[in-house]
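There are structures below to look over.
Same chain, two partners: chain A is paired with chain B first, then with chain C.
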Partner chain A sequence: MQSYVSIENLSKSFGFFTAVDDVSIGIGRGEFFSLLGPSGCGKSTLLRMVAGFETPTSGAVRLDGEEVTDVPAHRRPTNMMFQSYALFPHLTVGKNIAFGLEQDRLARAEIRQRVSEVAEKLQLTALLDRKPQQLSGGQRQRVALARALVKRPKVLLLDEPLGALDKNLRTETQHELVRLQRELGLTFIIVTHDQHEAMTVSSRIAIMRQGKVLQIGSPAEVYETPVSRYVAKFLGEANVFEGGATTRSGSELAVESAEAGGPVFATAADHVSTNGRFWVSVRPERVELARQGSGLEGVIEQFSYAGSGRHYRVRLKSGATLDALRVNLGAEDDLSVGDTVFASWMPQAARLLAD
Partner chain B sequence: MSQPSWFNRLSICAGLAFLYLPIVVLVVYSFNASRLVTVWGGFSTQWYTAAISNQSIVEGAKISFLVAAISATFATVLGSLAAIVAVRVRRFRGHHIFNGMLVAPMVMPEVVMGVSMLLMFVTLGIDRGPVTITLAHATFTMCFAAVVMQSRLVELDPSLEEAARDLGCPPFLAFMKVAVPNMAPAFVSAWLLSFTLSLDDLVISSFTTGPGASTLPMKIYSQIKFGVTPEVNAISTIILGVVVFGLVASRIVSTPSAKSSLAV
Partner chain C sequence: MMQSKPDLGRRALVFVPYGWLAVFFLMPFLLVLAISLSSVRLGMPPYEPLYAWQGSLLSIRLNLENFIFVLGENTYLLAYLTSLKVAAISTALMLAIAYPLAYGIASCSPRSRSFLIFLVIVPFWSSMLIRVYAWMSILRNDGLLNSLLLNLGVISEPLRIMNTETAIYIGIVYTYLPFMVLPIYANLSASDRTLIEAARDLGCSRLSAFWRVTFPLSLRGVAAGSALVFIPVIGEFVVPDLLGGADTQMIGRTIWIEFFNNRDWPVASAVTVLLLVILVIPIVLFQTRLSRTSK
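And now, the complex of A and B:
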């Protein structure tokens, strides 16, 4: 498949520091693609190379089949929404939105038409005569989005667009972004360090660390089948135990783990090797805790009530800790701190990781 | 915050009195009807009338204002360019030295600057007069203008210009359309500061002047040699008024954020 946005072996060094290290990503038309990683992982630099603000040290960027690696930012068919919003303080909201269209020397009537269209879509019609300083954070965010969208870019780039919003508004805006993206059929690339945000909005996610892409996949793929312990822990929580001697029956494995203090169960495809070092990873919400039965024995050390779920931290006999999450279905809580419990999970709930 | 003690209040009053009492006395005595500077003889504005009908004083004032206006304009343009280089062009070889040299004239002894500029003008064979005073003033006020512009530029979000470029503006136009309008208050502030600094300068003017080109401070200083007259008080009060106006105006325009946050 021909990618709409194609990032080919892209690298960027600042002096001795390599911010982006040989990254290749293909993004399809109409995708909502996330670059996810901790701060300093190179995701913003990568986005800025797509926008044209940074010149790659090596590699190429193609948009819709055309190479744009050396095209300056003002001639690229991309628009960016900045983390600080970067609204022009000396211009009104209307003038801010019209700025890009005026650069293209469009007819006045068309500019007015397109500004009012996008203003309506983003509920900004009443604010067009205000100055950016007179707006709330959420309104500013919408102006920044409108200003980028009004140019009808081939690709909309969003650099941590929701970082400055409070949690409720953030969730609201995430849904709004997804709705807009579907409606307009545009290609969005978003940079974020918030794994929850990336999972909520994206069709696919690239997880980055130290300038490299670790894994690319749909939210379900990267969550269910992480390629490494780092990815597993970065996307939500994971209990990870180093594995030892393994008995296989079909795709089900029983793994002796000194760390866990007993056998743990997992599934793995035939080609996955259990020679050398490997780890078993299981999500807290897949762990079952029971007062009696089989599994890893431990004592509940901590409990926290998180509304939608109850979070238990169990100190296993081996000394390791295990996190378990029980979804709050309204039942009475029958476990408390100090109780001895047995933790177990279905073999298909756990993953084998080679790194 | 605790209430200031009587000792705090007293020391503040004493300090302020030390700074401003002489100026208050000067202003009060400029309205003195008596010819004697230190004896109060009733209220009068006669010395103001005398001052503005004194041909020599008026001539000096004209030169001073002209020199101040032109040198402030030069200083603002040059200072802005220097500030742009210092803030925007990062990490060039020797940028620390450049930044240091930019502000060094602020603490350089005026006598040294005066002598060195005099020597330069003599060496270059430039006739000394209003032109050389203007050049000298532009040189020493430029660093103040640069500092004002620099602090504004640092505050200015660099992603503003990136946003303009992203929306289709070539880099230079992006700077003109987005950065410059947002720096406008700083331009005014830098100009006013340079203007007032130039207006009351005596030392550098004295070194770089030539025959027939005496600025107002030089005229006042030479009059003092023949004793302080109430006329001098009047002129000084006028200069004080202009300088205070300049500084207050520069202060007001340089804090647009305070104004806009009040407006919200």
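And now, the complex of A and C:
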């Protein structure tokens, strides 16, 4: 399949430090693609290479079939929304939005029309004569978005665009971004360290660590079938136990785990080998706790009430801990700290990991 | 109770510069203003007292003659205009030199920045008078510059620079340049680099990003630097006196001549008061514009 944005074996070194290490990603037209990773993983450097602010040490960037690796930033059909917004403090909101169009020497009438169009879309019409210093954080964020969108870029690049907003506004803005992206049919590439944000907005996510891409997939794919313990733990919570002797029936496995202190169940694709070291990963919300029955025996050590769910930490007999989350459906809580419980899960709820 | 304490401290702190200004600026100025309203006489001090006691009556005599005289004489008007012209041209020259210099320094790495700024300030470590004298030995007809150019065969006759307006510009630009460089540098080095990236991202070449973003944002530094050199250059005395010729009469020299050659303190004071008025007008205009743009 021909990708709209194609990142090919891209690397970037600063002296001895390799910020981006042989990364290849294909992004389709109209995708909302996230680069997700902890700070320093190279995601911003990767985005800046797509924007044209950094020259790759090796590799290539293609946009809509055209190689742009050596095209300077101001000639690329991309626009960037900066983490700090980078609004021009000496210009009004209207002039900030018109900046790129004026640079392209469009006719005045067209500039005016496009500015008012995008201002209306982002509820900025009343603010066009203000200076950036007079705006709230959320308003500035919308101006920065408008300034980039008004140029109708082939790809919009967003560098931690919501980092400066408080939590409620951030959630609202995430939905707003998704709505805009669908309406305009543009390709968005967003850099974020917030896994929740990446899951909420993206069509696909690339999880990065130390300059390398660990996994690319839809939010459901990377959450349900992580390729490694790191990915499993980076995207949400995960209980991970080292595996031992295994009996396989079809794709279902019963794994003897010394760490968990008993047999644990999991599923694995056929190609995953149970030779060498491997691990079983299970999400807290898939763990069932019962006062009696089969499973791993343990004692509830900690309990926290998180509104939408109840969080239990169980000390297993083996000494390992296990986290379990019960969704709050309004039922009375029948478990408390100190209770002995048995933890179990369906085989298809757990994954076998080789790394 | 709790609040009044820091308030008091703050007031005391504000009082220090105001007190300083009152003692060392306002009072001397009022004295000069008083003298400018008096008239000349022989003796010490060389002006008539402004007030006298006639029995129990206090009589005050204010005399506007000096101002009328100064405003009516072409020599003074010419000296004012010359001063304004020299100040304007040398401010423009300094801007043309200082801006690229400050820009260059601001785009260096932080370590070399502080060294380069140190180099800009280094001349202050020796007396200004010595440095102006050094320029005399460079610019003289048989000075360093002329002997160098003659020996190289670039010119066959010595250039006459000394005692011309050119020498004044060289001296003034040399002396005041750091005052122009520093505020512009301070402004540019504090500027946000991502704004340039944003401009580039929106389609600007390096040059147009400079003109549309960097330059307008540095205008405050330019204004501060210009005010810092323009105002003292108008009253500059040493450089035109030592390097300039008789045909460039600036206002500083005029005041000196009135005070020390003609011993006409009232006229000299009137010239000084008018100079201050000329200087205050642009400052007030500048300040009101500044406060309007920052709102």
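Please note the rule applied: the second predicted complex is superposed on the first by the 355 of 355 C-alpha atoms of A that agree within 3 Å, B and C clash if a C-alpha of one lies under 4 Å from a C-alpha of the other, contacts with A are read in each partner's own complex, and residues count from 1 in each chain.
Definition applied: contacts are C-beta pairs under 8 Å (C-beta built on N, C-alpha and C of every residue); 3 or more make two chains touch, one makes a residue touch a chain.
Quantities reported herein were computed from a predicted structural model and do not represent experimental measurements.
Aligning the shared chain A places chain B and chain C in steric conflict. Look at A:79: by the touch rule set out above, it reaches both chain B and chain C. When the two complexes are overlaid on their common chain A, residue A:149 makes contact with neither chain B nor chain C.
Touch criterion met: A:53 reaches chain B and chain C at once. Contacts of A:27 after superposition: neither chain B nor chain C is touched.
Shared-chain residue A:222: touches no atom of chain B or chain C. Counting the residues of chain A that each partner touches, chain B and chain C differ, and the larger count belongs to B. In the superposed model, A:134 makes contact with chain B only, not with chain C. In the superposed three-chain arrangement, chain B is struck by just one stretch of chain C from 7-15, 61-69, 151-159 or 187-195, namely 187-195.
Judged by the document's definition of touching, chain A residues 51, 53, 72-74, 78-80, 82, 84, 86-90, 99-100, 103-104, 147-148, 151 lie at the interface with chain B and also at the interface with chain C. Those residues of chain A lying in contact with chain C across their complex are 51, 53, 72-74, 78-80, 82, 84, 86-90, 99-100, 103-104, 147-148, 151.
Residues of chain B that touch chain A in their complex: 157, 159-160, 162-171, 174, 178, 181-182, 260-261, 263-264. Partner chain B is touched in their complex by these residues of chain A: 51-53, 72-75, 78-80, 82-84, 86-90, 99-100, 103-104, 131, 133-134, 147-148, 151.
Those residues of chain C that touch chain A in the shared complex are 192, 194-195, 197-205, 208, 212-213, 216-217.
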